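Two complexes are shown next, each including chain A; its partner changes from chain B in the first to chain C in the second.
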Partner chain A sequence: MEPPPEVVHWMFGVGFLFLGLCLLAEAIIGRDVWRRRAWRAYLWPSIAFLMGVLMWPVMVFYTSSAIHMLAHSAWAQALMLAGGAQLGLVRGKLRSPVWELTLPLALLVSGFAFLIHEQNPWFFSRAAFLHHALGWTMLVGALITLGRAAQPRSPVFNAGFAMIMIATAALLFCDRNVAPIFGHLSPLAGGR
Partner chain B sequence: MRAKALAAAVLVALALPTSALAHAVLLERVPTYGARLATAPRTVSLQFDQAVDAFANSIDVRSATGKVVTAGPAHTTDSGRKVVVPLRKLRKGAYTVRWHITSNEGHVISGVYTFGVRVKPPPPTEAYGAGGPTKFEYVAKWGYFVGLALLVGGLAFRLLVLRGRTNPALDRRFYWVVGAGVVGSIELGIIGFILRGADAFQLPLDQLIYGDLSPLARGTRFGTAFIAMTLGFALVGALLFLAWLTDRTILLWPAFVLGLVLCSGLSLSGHSAVDVGSSWKSELADYVHLVAACFWVGGLVMLAFVVWPTAPGLRRDAFHRFSQLAAVLVGAMVLAGAYLAYERLPAVSDLWRARYGQVLLIKSSLVVLALSWGALHHFVVAPALERGRGVGSRAVARSLRGESAVAIAILLVVAVLVDANPPAKPVQKPTQAVVTHK
Partner chain C sequence: MDAELVRQGAPARARHSWRNTAVSALGPLTALAGLVWALVQPYRITLLDPDKHSFWYLAVQPPLLVMLVGALFHFWVVPGLLSDLEEAEERGT
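Moving on to the complex of A and B:
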């Protein structure tokens, strides 16, 4: 009854794309202009939080292996934590700048979850390649957001963070359950 | 030179994940898990998404008594993607399939499931060879109960006892406590689910992470409860977060109601629902017992660790109101508990002969201790507070913390009790009709 995993990945790709575009717009026009409408400040953290809530059904309905479940649970919690902390900061409920570190922490955990849960090598199949690429993209994102936490108004870090989200969306859209990568598919995965 | 070193470091880092090994995903089982077959199957086959290495004993099929019913070694077909084992002629009964294969890169993937020939098979947790709960499982379940009590009891306290009277410091601590409750319920629920899988698989944790948990999630009441409760608690967490973020206490009500509904997941998947002789009455009694216990334990923690340190002005009222509520809770808890004990223990002597009875006896002793402590609070401390004495007393604070500690200790015994099997009820022999011929 569940949709194929690739379709679920595309759905989350839509979320990451929207999130990345909001961040890119904010990076281009500047935080002050972006936040002239108060609701815009809540936009991307709310999307991240909502995506975290929606990740739970994926976790409980795709139980083909324990590590798969644990990885999805890690992403659900990382998204809720990062989105929730940003919402708290925007709302003024959280004041300590330490809460900014939840974003790099969430990306770090997510990146490792991708790398650990994908057991195949890079060129095994397209899905394997994408999992590795997503893992490393998120680890790079963790470094960028660490810089962003230190310099919140830096256009480089803000644009970098936006691009990480857009790259994540693009990688998720590229996913196919069994498909070659650069024309290669491991014989173990059904290639010849 | 530095750039080269950096490039080398990046290359090494990129290469690391590629050394990880591949693992196959099971696509189909024939017969499938939980199947009740009209005719006996000739083979058991497992279809994977990639080629695997199978050994002669890769698929082990046993009857309910542990008798091996395979008729030959397992072998692969479909370019190594399908593993098949022939079976003997199966009689009516339940069968357990345990499989272990190796992905071509060396990882061992495992699984266990059950099917029945003209009978309904047991869940995988009761498959032949499945083990009992471990100490670690008890601790995880204990943490789960504490989380549930903090969440449901904390919300009940805030909405029914405090009724909106609060201050920022109390609020902050309240959200930390119920937040810890919801996170604990989710995390320990996941750990408990995987540990239950470990019992069924009988594998160490490092091998279990590649185990197929679908039969457990989809084929058991426990799995259904896990799915519903995980999703529900994620929603409760989101509602709590929104209530905190927007300062809208009204959002706590749906979180509370949902939490109450989710408690039924335990009653509908535990002894009261699946044991022989269970009925809607036992399920209801279990639910009332659980909810009353959550209100009581969570309320005590809130009173001792949230209200007392942060809101001196609310101490007397909160104590008085909770004391009144606790009297009702204790009554419901004791009545429901007594009914469940009557249902589960066929004879009074089972209290000291059967393990279930022994654990129940320990629990009852702790409950008596906690109730005596509660009675002291109800009949001595509450009237004193009403007269304006002892509001600032450290002894009262210590006493509340002590009663909370005993209540939390009771939950540990409960964690052991829910995994113990009640003694079997004696089978009633059918009365023989006496026919007299004149």
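Moving on to the complex of A and C:
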């Protein structure tokens, strides 16, 4: 009764899309207005933390190799660290702006986890393509969030971060168990 | 005096209204993206052919999920956001 892997990716896509919309709205209206209601301030860090927690069962039930398992555990820890640190900052328990660096760190770790654990080239299969694309998206996201940590009120960096989350959602929604990418599918991946 | 105030206030409101429009458009645009996706790839809407699919593929249909996220954001997050934004803009003008 376990959902197929592609379905799990789509469900995580829902989380990233909602996260992206919240961040985009915050970038448009500004942090002060967004945080006027407490529940809204906690919303996206809570979703990030929850997705980190939910990544653990994915790691346990869906990974077929050690490197795949390590990559999923790295994403779980990265999401929980970034979400938890943001929750602490919003609550006021954490005061140092250095905690903002957990976000670029999480994206950096996630990006490298994607790129290192994908052993096949871009056009091996759709999954391989998406791993490469997601890895580079995360690394660009790490640069954007580094800028966001330096200039927290910059609409460019805030909107950029939101777009990284929306792009991540789009890439996750594109995932299939076995599918070609732009007409390419290696016989080793199930192609003919 | 009143006319002068109106003249001063009008550009300020116009300057801020784009935020209101942009935030209001996020949910509908997301739902529209899901609708376009469903029209381009109708086989993704597994409910149209329920006998051929297992539970998970019937429960999780990406185009419908995208529409659902757009609707959830629009009806749950946006109303309070707009009222707070209008309040902030009124204080600012």
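Observations on the model:
Everything that follows uses one rule, which is that the second predicted complex is superposed on the first by the 189 of 192 C-alpha atoms of A that agree within 3 Å, B and C clash if a C-alpha of one lies under 4 Å from a C-alpha of the other, contacts with A are read in each partner's own complex, and residues count from 1 in each chain.
Heads up, the rule we're going with is that a residue touches a chain if its C-beta (ideal position, glycine included) is under 8 Å from a C-beta of that chain, and two chains touch if they have at least 3 such contacts.
All values derive from a computational prediction rather than experimental measurement.
Partners chain B and chain C, brought together by superposition on chain A, fit side by side with no clash. By the touch criterion defined above, A:37 lies against chain C but remains apart from chain B after alignment on the C-alpha atoms of chain A. By the touch criterion defined above, A:136 lies against chain B but remains apart from chain C after alignment on the C-alpha atoms of chain A.
Of the two partner chains, neither chain B nor chain C is touched by A:82. Angle at the C-alpha centre of chain A formed with the centres of chain B and chain C, after superposition on chain A: 140°, rounded to the nearest 10. In the superposition on chain A, A:74 makes contact with neither chain B nor chain C. When both complexes are overlaid on chain A, the residue A:65 reaches chain B alone and has no touch with chain C. In the superposition on chain A, A:13 makes contact with chain C only, while chain B stays out of contact range. Note on chain A: of its two partners chain C and chain B, the one contacting more of its residues is B. The minimum CA-CA separation between chain B and chain C in the overlaid arrangement is 20 Å, rounded to the whole angstrom. Within chain A, no residue touches chain B in one complex and chain C in the other. If you check the complex, the residues on chain A that touch chain C are 1, 3-4, 7, 10-11, 13-14, 17-18, 21-22, 24-25, 28-29, 32-34, 36-37, 40, 43, 173.
The touching residues of chain C, counted against chain A in their complex, run 19, 22-23, 26-27, 30, 55-57, 60, 62, 65-66, 68-70, 72-73, 77-78, 80-81, 84-85, 88. In the complex of the two chains, the chain B residues touching chain A come out as 14, 17-23, 25-26, 49-51, 103-105, 107, 109, 190, 194, 197, 208-214, 216-218, 226-227, 230-231, 234-235, 237-238, 241, 244-246. Of all residues in chain A, only 49, 53, 56-57, 59-61, 63-67, 69-70, 73, 76, 80, 84, 87-88, 91, 93, 115, 118-122, 124, 132, 135-136, 178, 186-190 touch chain B in the complex they form.
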